[in-house]
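You will see two complexes here that share subunit A, one where it goes with subunit B and one where it goes with subunit C.
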Partner chain A sequence: MGYQLNFDAVWRNFDLLLSGLGLGLALAVVSIFLGSLIGLVAAFAMVSKNRLWRGLAVGYVTAIRNTPILVLIFFTFFALPQFGVRFDKIESFVFTLTVYAGAYLTEVFRGGLMALPRGLREAGLALGMTEWRANLWVVIPVMIRNVLPALSNNFISLFKDTSLAAAIAVPELTFYARQINVNTFRVIETWMVASLMYVAACYLIAAALRRLERRLAIPR
Partner chain B sequence: MAEHLLVIENLHKTFGATEVLRGVDLNVDSGDVVSIIGSSGSGKTTLLRCVNMLEDYHEGRVLIDGEEIGYTRHDGKRVRLPNSTIARQRALTGMAFQTFNLFPHLTALKNVTLGLVKVRGLAKDEAVGIARRWLDRVGMLDRQDHYPSQLSGGQQQRVAIARAIAMNPKLMLFDEVTSALDPELVNEVLNVIRDLARDGMTMLLVTHEMRFAYDVSTTVIFMHEGRIHEAGPPSEVFIRPRTPRLAEFIQNSSFRA
Partner chain C sequence: MMKSVLALLSAAAVLAVGAAHAEGNKMDEVLKRGKLVVGTGSTNAPWHFKDQSGQLVGFDVDVAKIIAKALFEDAEKVEFVNQSSDSRIPNLTTNKVDITCQFMTVTGGRAQQVDFTIPYYREGVGLLLLANGKYKSYDDLKKAGSGVVVSVLQNVYAEEMVKKALPQAKVDQYDSVDLIYQALNSNRADAAATDQSALRWFMQQNPGRYLDAGYGWNPQTYACAVKKGEQSWLNFVNTALHEAMTGVEFDAYAASFKKWFGVDLPQPQIGFPVEYK
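Now for the complex of A and B:
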């Protein structure tokens, strides 16, 4: 083997990789937050008695979950402007990841809602809470605790999906790694470091979510 | 004529093609303890759940203190009241459930204060004071910081009763509150209810505890096929049933005078 590992070029550009990682995390946080709100609303729509709401929610989840995310990213970025909907590339990606996250989280929350005993909601109603308030103070807090492990999985997966933003030149970690790769020809070193950065970030996210899980856990 | 606390007139309720309630009439006065007995499927629980609109009903009226519950009339047509009004009306009653239905993510104390703070709008201190008083009354004050999963069924049910009564309802609804309990835990719950009855709390209770119904009730109602088949003071209903159906039901129950 004549190849000598040399990380100098990567370290010289490490601040770019870091800023890319930071942007990726920010994209994930915003999209996951907004996606969770959409997911909650759509999950309630899915379990509602109203056929129109149920139909809309099912249609949304079916359409989004059965389209590859890269296609959704390209569709939003290249096709939507043809209809006069214009975003810059970061907005475009956040929009796509939010809609995508919302569809997956809908299913997580729907499962959580269906697993709750019916009496929980009724206990809230019997105290004089409106549907809305019973959901806010009783149903959602209990349901979220039950689905936290499944949420953690989805959050990590969605964070990794930010690497696909490189496809529309959003300057996140994968985008910079490719740029460094092209400019320095340090192929192995660049992708090694980028991979390890993803691993480290995911590990930290998982650890943080496990802590949250423990803190919110209902004592046995 | 003095107004009754609870008036039920010609109540009808169907689930799909099945008519569960086929015209129930019932008056309950302040301080009454009314037990509803009958075999399963006779409509007892459904009747109770119509009083606080956990079930919609299809015909007839329910009035609490003269206020029609759940529906109003527009040009002779029956219209369901807005959800916010129904929520307010539900707070006129308190309900204890067969399966307790405590909020699993909250301690015993917070189970009781949640409604006081969020529904009645009390300050936290005041809510805690009221909650502690009721937890003490049901013998659960020393467990106020326990979560439901850390309590026995009987203890959970006592907290659930405290949670309902702390809201200061005009009428308490008990829906088979001992049916899900191990036999040795039944009495601690019945004693709490007996104690509240002695205090003049107005109650409507669905129960399979015949001896208990005999002891605490001012009126016992026997339901059969969606109607009140027979009603009267416990001494008559249990000792001198007038209809063969009730006589058979009492005969088959564990009740012995």
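Now for the complex of A and C:
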């Protein structure tokens, strides 16, 4: 007399799960975009000759990378309001994930910058470009192409981190899965479906990035 | 064929009756043993939990002691068996404990498996507010309509439960109890919806910081339970509990009620019995 799987309760609430997945993806996209900008700036700071910039960037990455993201989420949501910084729950999560993503992406971009031949930037300068332009039009595009595989890894991981938003009552996929669990006790079925939805979403992200990799690859 | 089945059945019935007789009276068994074996938990203040010195204390524990006092004239002759919520019924049916007192909600389904004693507490949901917060009472919350955020533990139909009291409120569900209080403390929520017993205990622990909005709903009856069919044992326990709430042991019950819920109970009315009011 094994357990009888019954997915009725899950299908009845499937629209909730879908809306949760949608919100999760939206949270991830916004945070990853903003986090990438932070990461780029901090990566340049890390390889700069200016000690102050370098120190700030190293401090940021060290502090954020070595704190569990759940603690950061609680800190932003519960503790910051007591210092007068107050976002609502969704903004507060996006803020946290952005800061968190920034720290990880800084390391990815820093690795990319360090792996570039020195001559690349110098070639740009030799063409009469300013420092800024050489970085923007020569260094960054090549660097991005090189770090794309590492980036997709991070993007997927960051998307999965959106499941932690459930802790502060943000109604994303994990939140609704738990809700269906406590209401219907169809625990196994609900987590099975939710897991598959995460897998499918991650697979799509990975596939999209792999396509991008191929398009940007140097033709041989 | 039919005959032999009938014969087998009646033999089984005779055996069952015999077994029930052989078991004798539970009360005699407990008296002979010299201590009462009570099943309860250890992790839910103010019901059953370990205090700073590691002693098991709480309202359930005090109720068990009241029954022990009725049996032995000594409230300390109790052995507590630590059990999780889902072993409350199995430990009774397998004779591991004489009685279970573990904030057990009386439901029809459970009453088919165990016999409930008379109730010793009525649980309900209440709303906790910050003493220096924007809202001071249930009426304030109700008037504020959709401007109010209520934090609640993620649980079966938690949202519907809150909306029964505050139909327009926004509901934030958290997956642990400390977070619903934290949400209130950091003004993430205007009120926290939680069991009244937990609410009163929390207010006891933090005097002056919180207010009870003064509205209770979602009633649930808490009673002890004994093994099904132990009628005379059940009668004894009922008498002990009844006299704790209305008779000779009222002071012990009231002192415990005050200790865990911070509420002074009025003396039972003298003269005409309160039962027939």
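Rule of thumb we're sticking to: the second predicted complex is superposed on the first by the 218 of 220 C-alpha atoms of A that agree within 3 Å, B and C clash if a C-alpha of one lies under 4 Å from a C-alpha of the other, contacts with A are read in each partner's own complex, and residues count from 1 in each chain.
Following the convention adopted for this analysis, a residue touches a chain if its C-beta (ideal position, glycine included) is under 8 Å from a C-beta of that chain, and two chains touch if they have at least 3 such contacts.
Everything numeric in this text was worked out from a predicted model, so none of it was measured.
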Fit-or-clash call for subunit B and subunit C when the two complexes are aligned on subunit A: fit
Which superposed partner A:A167 touches (first subunit B, second subunit C, both, neither): second
Which of subunit B and subunit C A:K89 touches, first, second, both or neither: second
Of subunit B and subunit C, the chain that contacts the larger number of subunit A residues: B
Subunit B versus subunit C as contact partner of A:Y203, first or second or both or neither: neither
Touched partner set for A:W11, first subunit B, second subunit C, both or neither: neither
For subunit A as apex, the angle formed with subunit B and subunit C - C-alpha centres, to the nearest 10 degrees: 160
Contacts of A:F33 with subunit B and subunit C, given as first, second, both or neither: neither
Contacts of A:F77 with subunit B and subunit C, given as first, second, both or neither: second
Partner chain(s) touched by A:Q179 [first = subunit B, second = subunit C, both, neither]: second
Shortest span in Å between Cα atoms of subunit B and of subunit C, once chain A is used as the common reference: 49
Touch list for subunit C against partner subunit A, complex: 151, 154-158, 172-175, 179, 182-183, 185-188
Subunit A-facing residues of subunit B, complex: 52, 54, 83-84, 87-88, 90-91, 93-95, 97, 99-105, 114-115, 118-120, 147, 149-150, 160, 163-164, 167
Subunit C partner contacts - residues on subunit A that touch it in the complex: 77-79, 81-82, 89, 166-169, 175, 178-179, 182-183
For the subunit A and subunit B complex, residues of the former touching the latter: 117, 119-120, 122-131, 133, 137-138, 141-142, 145, 216, 218-220
